[in-house]
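Notes follow the structure.
Letters A, B, C, D, E and F mark the chains as written, and numbering starts fresh at 1 in each.
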Amino acid sequence: MIAQRTPGFSGADLSNLLNEAAILAARRDKKVIEMPELTESIEKVILGPERKSKIIDKEEKNIIAYHEAGHALIGASLKNADPVQKVSIISRGHAGGYTLSAPQKDRGLLSKNYFIDELSVLLGGYVSEKIVFGDVTTGASNDLERATNIARNLVTRYGMSELGPRTFGHKEEMIFLGKEIHEEKNYSEKTSEDIDKEITRFIGNAYKVAENILTQKKAVLEKITAVLLEKETIEQEEFNKIAGIKKEDQKEKKELRNVPLPENLA
Amino acid sequence: MIAQRTPGFSGADLSNLLNEAAILAARRDKKVIEMPELTESIEKVILGPERKSKIIDKEEKNIIAYHEAGHALIGASLKNADPVQKVSIISRGHAGGYTLSAPQKDRGLLSKNYFIDELSVLLGGYVSEKIVFGDVTTGASNDLERATNIARNLVTRYGMSELGPRTFGHKEEMIFLGKEIHEEKNYSEKTSEDIDKEITRFIGNAYKVAENILTQKKAVLEKITAVLLEKETIEQEEFNKIAGIKKEDQKEKKELRNVPLPENLA
Amino acid sequence: MIAQRTPGFSGADLSNLLNEAAILAARRDKKVIEMPELTESIEKVILGPERKSKIIDKEEKNIIAYHEAGHALIGASLKNADPVQKVSIISRGHAGGYTLSAPQKDRGLLSKNYFIDELSVLLGGYVSEKIVFGDVTTGASNDLERATNIARNLVTRYGMSELGPRTFGHKEEMIFLGKEIHEEKNYSEKTSEDIDKEITRFIGNAYKVAENILTQKKAVLEKITAVLLEKETIEQEEFNKIAGIKKEDQKEKKELRNVPLPENLA
Amino acid sequence: MIAQRTPGFSGADLSNLLNEAAILAARRDKKVIEMPELTESIEKVILGPERKSKIIDKEEKNIIAYHEAGHALIGASLKNADPVQKVSIISRGHAGGYTLSAPQKDRGLLSKNYFIDELSVLLGGYVSEKIVFGDVTTGASNDLERATNIARNLVTRYGMSELGPRTFGHKEEMIFLGKEIHEEKNYSEKTSEDIDKEITRFIGNAYKVAENILTQKKAVLEKITAVLLEKETIEQEEFNKIAGIKKEDQKEKKELRNVPLPENLA
Amino acid sequence: MIAQRTPGFSGADLSNLLNEAAILAARRDKKVIEMPELTESIEKVILGPERKSKIIDKEEKNIIAYHEAGHALIGASLKNADPVQKVSIISRGHAGGYTLSAPQKDRGLLSKNYFIDELSVLLGGYVSEKIVFGDVTTGASNDLERATNIARNLVTRYGMSELGPRTFGHKEEMIFLGKEIHEEKNYSEKTSEDIDKEITRFIGNAYKVAENILTQKKAVLEKITAVLLEKETIEQEEFNKIAGIKKEDQKEKKELRNVPLPENLA
Amino acid sequence: MIAQRTPGFSGADLSNLLNEAAILAARRDKKVIEMPELTESIEKVILGPERKSKIIDKEEKNIIAYHEAGHALIGASLKNADPVQKVSIISRGHAGGYTLSAPQKDRGLLSKNYFIDELSVLLGGYVSEKIVFGDVTTGASNDLERATNIARNLVTRYGMSELGPRTFGHKEEMIFLGKEIHEEKNYSEKTSEDIDKEITRFIGNAYKVAENILTQKKAVLEKITAVLLEKETIEQEEFNKIAGIKKEDQKEKKELRNVPLPENLA
């Protein structure tokens, strides 16, 4: 279970993790580290410490709950997305809430289909705010940046777009700037426009998929949000029960995504 | 009340604040710091020290009064804008006057509607000068820069424009230049043009809203200005009385903003 | 009088000024610094030391005289321009001659109308050379650079052009280059073209205004030049007498400027 | 045999190679270094150490096997490509698997025909994934980058494209950046577009060639993959037997490539 | 006479000049520096030492002679150009020959008409080679660079082109690069094209003027060249005699320049 | 003879040359340096040491021989090209072979006609490979880079193209980068396109000339190649005999070049 929740951890990360768990165990007067300490420590290492003291007003808690519920519901609804492990509206680090999802195995190769579903998951919070409140907040900005970066990589690094099996641009690390990465634009303006169009197409498609799912499953979205506002955190098993998500549903949702998109997004 | 007026203050800021208040209290032969010392110190920390010695001629005082009255009246008239706390034409730091407005809660998430109203508030000084004098001054340049930055972020960071839920450009801090932030333009000229159009559209709409409000409430604008020229500073309660602003009015004004804009701005 | 002639002087500038005046007084065997020493020192601090030893041939003196007379006459003819204090064809620093004009008060806010008249004043030397000799010289290059910078700021910093109340570009000081200011072009080619057009329009209009004034007042221009060639320097009072400038004339000239411009400039 | 497998090795590389071989021999209680130690060491020096401890799940092993089989089968099928020496799905360095091919001689001059076939070999892994799984993974990204670089050099360094016998751009090493190479773009946007088109054309043609071969030889591809999954590594002789590759076949495949391409790629 | 031949000399240059003259006088066993020593030293300081040892073959001498004769004859033929002081085909510094021309006074202001004639003088060597040999050499490259720089300054620094009385671009010295001057391009592509057109127009007109003069005065060109090949150096007085140049001729030539140009150059 | 073969040698180069010759003489037990030592040393200084130990296979030797024969035959066939001194397929430095040609005099001025013929000489190796093998190799890449640089200089430095007698761009040495030369692009995209077209036109014409010559003299090309493969090196006298080149032939070939080119190249 630990291996499954710590993909990509280095030796130093694992050492740090056990340290945190040992501190927790000591606080709880335990002689040995047990599962709960490990689970909490994993989240602390990945997301930063809980900020329980941070007082967030009710209106904002509400927005955060719908936002996270949006991520989680999309994640649970798409076949290639990683399954949801935990949803929470406890503030951690800079984030107001978080949705944890870990792959069932330590992924080495990531496929185009996986990225396409992940884009919808990333836009899930934004879309949920829009559907529920008719307004969007700055809370989604980190999601949008990650989605844009993934879409750009699909086009420029992985040959997964209509522009074909090639790369664009040349990445070079400039060491004197503290490992900053500089992207050399070694292509024409025309190509730059084509890349922009592909990125916008990926994002637009992912948006439409997320919108379709959340619109059709609005009742489930409301239910997840209600439980989140009540309990603050939902673990995997309970989440699946609330959301009524089974393997079969996932396949069904997957088909939904293959429905032809409205013209302006296709 | 202190918490409400010091959103975003770090521990160091609060410590600095109390230091300033203690100095003020000592000057006034008080044994304890009281509310007036704290209020004054908050403004000093945010805006810099008062520059009472700076002699500003009458014509300029007049322009500054109309400018600040413009900001304050727009701020009071729009539903999503932060309420006005204080308006003043006492010079502080580089500014000739200032309008203080603090949110009713410590905002973590800012919404698109909030930014749209804030843009009109920022343009309020410029529009007021234009309506009253038929001329504009360099006094608005900092407002314009902030408004432009907000509009740009709406488009490029927050996915709040017609260009969709994605980010544009890549911000990187270059530490060797003293934390200068460099914006890498990783998109095409065509996209750059689209971004420019969206920024201009946001600014144009905000201008029109501010112009509508100040034109219709010109008498109130004159009244605020007159009191400012007489007393130099107006606190929240008095301001609301002078301006005749009630909750209901705010809702009404909000509707005004939804009136379709002239074609060239819409 | 000193305050009026030293707008923007820092404490160090004032200290430097009094030092220069003290030296002058000592040279003249005075025990106290008097007005003439102060006046001379102000000019030395602003413009650099006089270069009486520099021998300039007659033809060049003639050009310089017409050039400075051009600046001065435009300055005296436009309502929003600063009044002329002194005109001189004594070489100072790099300049062959100079026209001193100081605002009647310490300006904090500068208006669009002020800048528009200043543009005509700056082009006055160039236009005078063109009208009188049918040729222009390198003597105007510093004027042209300042005019272009003002026009650019009207568009990009002060929201005073047709491009609306916003800023363009991002100025950042790069400290490691000795306070060099770098302008980050954060807008599209299309916008860049629009900015160029606005700058050219401001300059074109200012040129036309200056041309109209100097063509109509050619006789006055000749008179000022003649006195300059004879006396080398003309002080404010004498200048106004020679030029026949009264408050009323200024208003009249102002109207001239409002005459619709020829199509290619408007 | 050693010379054939170590093209481009420097003296230091050869010294390193023998060192590694000596360590291996010592581990095996041998007094002298023999062929197997040398062979293993060559691969270690070129590709990095084996990572047998890395656990890769079955699904991923399957993808890697088809990917490497794709490279190998294209390499064996094209006349100008280097013959396949070894195919393996043992993880080495960052790669999940590898296909080793060494030229029959130490090449000094590389021809256009050689590069064109190498492009198809590089795309072989990507095409194999696409044909077999209908999806592609990040495992091909390094292949795509190398293919793009080769195609760019054909156009900009070697005069081997439709743009004629000239070079484009100016490469300069900037030593203070740790031998980073900077490419100066000394040509127009129009030329930049032409270069992009040529690169895309080379890649598109290579893709089509690889697709044709793997589609027609799908049964062979399956056979190679099956053996790879069973034995993990296939040496040259065995590979040729499994793949049924003879000199004559290669010539035949070559002709295939000369079949006119579909319009959108030609 | 010394003052006339040393325009722009600093104190250090003058000191250097007298030093050189003193050395020459000593070599000639003179007790005092006389005029010939001064004249020779001026040329050495401006152009570098004579390189009499450099053996230049006859064909090349011939080209250099026609080239310098071209410069000199244009200089003598245009009203606003500086009069010719000396023509020589003795190699100095990097130059194969040189034409010395000094203004009759220490110019402070340079007019548009002066620059326009200087452009023709600079192209005189190139045009002479073309007319005489039907081929041009690298000997003109420095002339072309200077002419291009002048034309660019006419447009971008001095407001002397059709683009009006403004400047383009922002020059900044970057001190850490050893006083390298960097030109910041703060205008649009469209403007950049306009600047290019103006530069090409200035150069094209100057070329046509030079071509007209040398074609019509081919016999004089031949005569000057013949004397140069015989004597290597021609001083001002002799030059004017050979070339048959009188004040009146200069005025006449000037009119030639005002003849409308062929369409592709105008 | 030494002077003729060492154009552009500095004092340090000559000193280095004699040192190498002295070492050679010592190895041969000579008391004095004689002509053969000097000749060998000149080549070593210009091209780097011979790499006789480098084993190049037969196929590659064949390509190199045709490549060098191509250079040499074009050089011998064009009137303005420098005469061939020596052709060799002995590897030196990075080059597989070399063709030495030295001007009959120490050239100071290089003419447009000279450069145009040199372009064909540089492309001679590439064209020879293409005609003989129907394929081209990386062996020509240095030739192509030099040809492109010459063509660029014709346009941007020497005013020898259709773009007229002016320069384009501003070269500045940036000393802190180890004398790297940076080219500042101070012209518009439109001009950049024009420059690209001119460069391509020069290269295209030179290609056509080389192709015409080698196609018509294919038998001579074969003969030179055969002798090269047999003897590895051919000296000037022998080369002229094999190639049957006489002064008269050169003039004839020259006329060939003036034959109108096919439309797409002209």
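Everything that follows uses one rule, which is that contacts are C-beta pairs under 8 Å (C-beta built on N, C-alpha and C of every residue); 3 or more make two chains touch, one makes a residue touch a chain.
Please read these numbers as outputs of a predicted model, since none were measured by experiment.
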Intersection of the contact lists for subunit C and subunit E: none
Greatest separation from subunit D - chain, by CA centre: C
Far-end chain from subunit E, centres as C-alpha averages: A
Equivalent interface positions on subunit B and subunit C, same or different at half: different
Between subunit C and subunit F, centroid-to-centroid distance (C-alpha), Å: 60
Centre-of-Cα separation between subunit F and subunit E, whole angstrom: 35
Contacts with two or more other chains, residues of subunit C listed in rising order: 176, 189
Graph class of chain-chain contacts, one of line, ring, star, complete, other: ring
Running round the ring (origin subunit D, first step to subunit F), the chains in order: D, F, E, C, B, A
Parts of subunit E lying in touch with subunit C, wherever the complex brings them together: 105-113, 157-160, 163-168, 170, 172, 174-176, 184, 186-191
Interface residues, subunit B side, partner subunit C - complex: 55-57, 60, 63-64, 96, 123, 126-127, 133, 135-141, 144-145, 147-148, 151-152, 176-178, 180, 182-183, 185, 189, 192-193, 195-196, 199-200, 203-204, 207
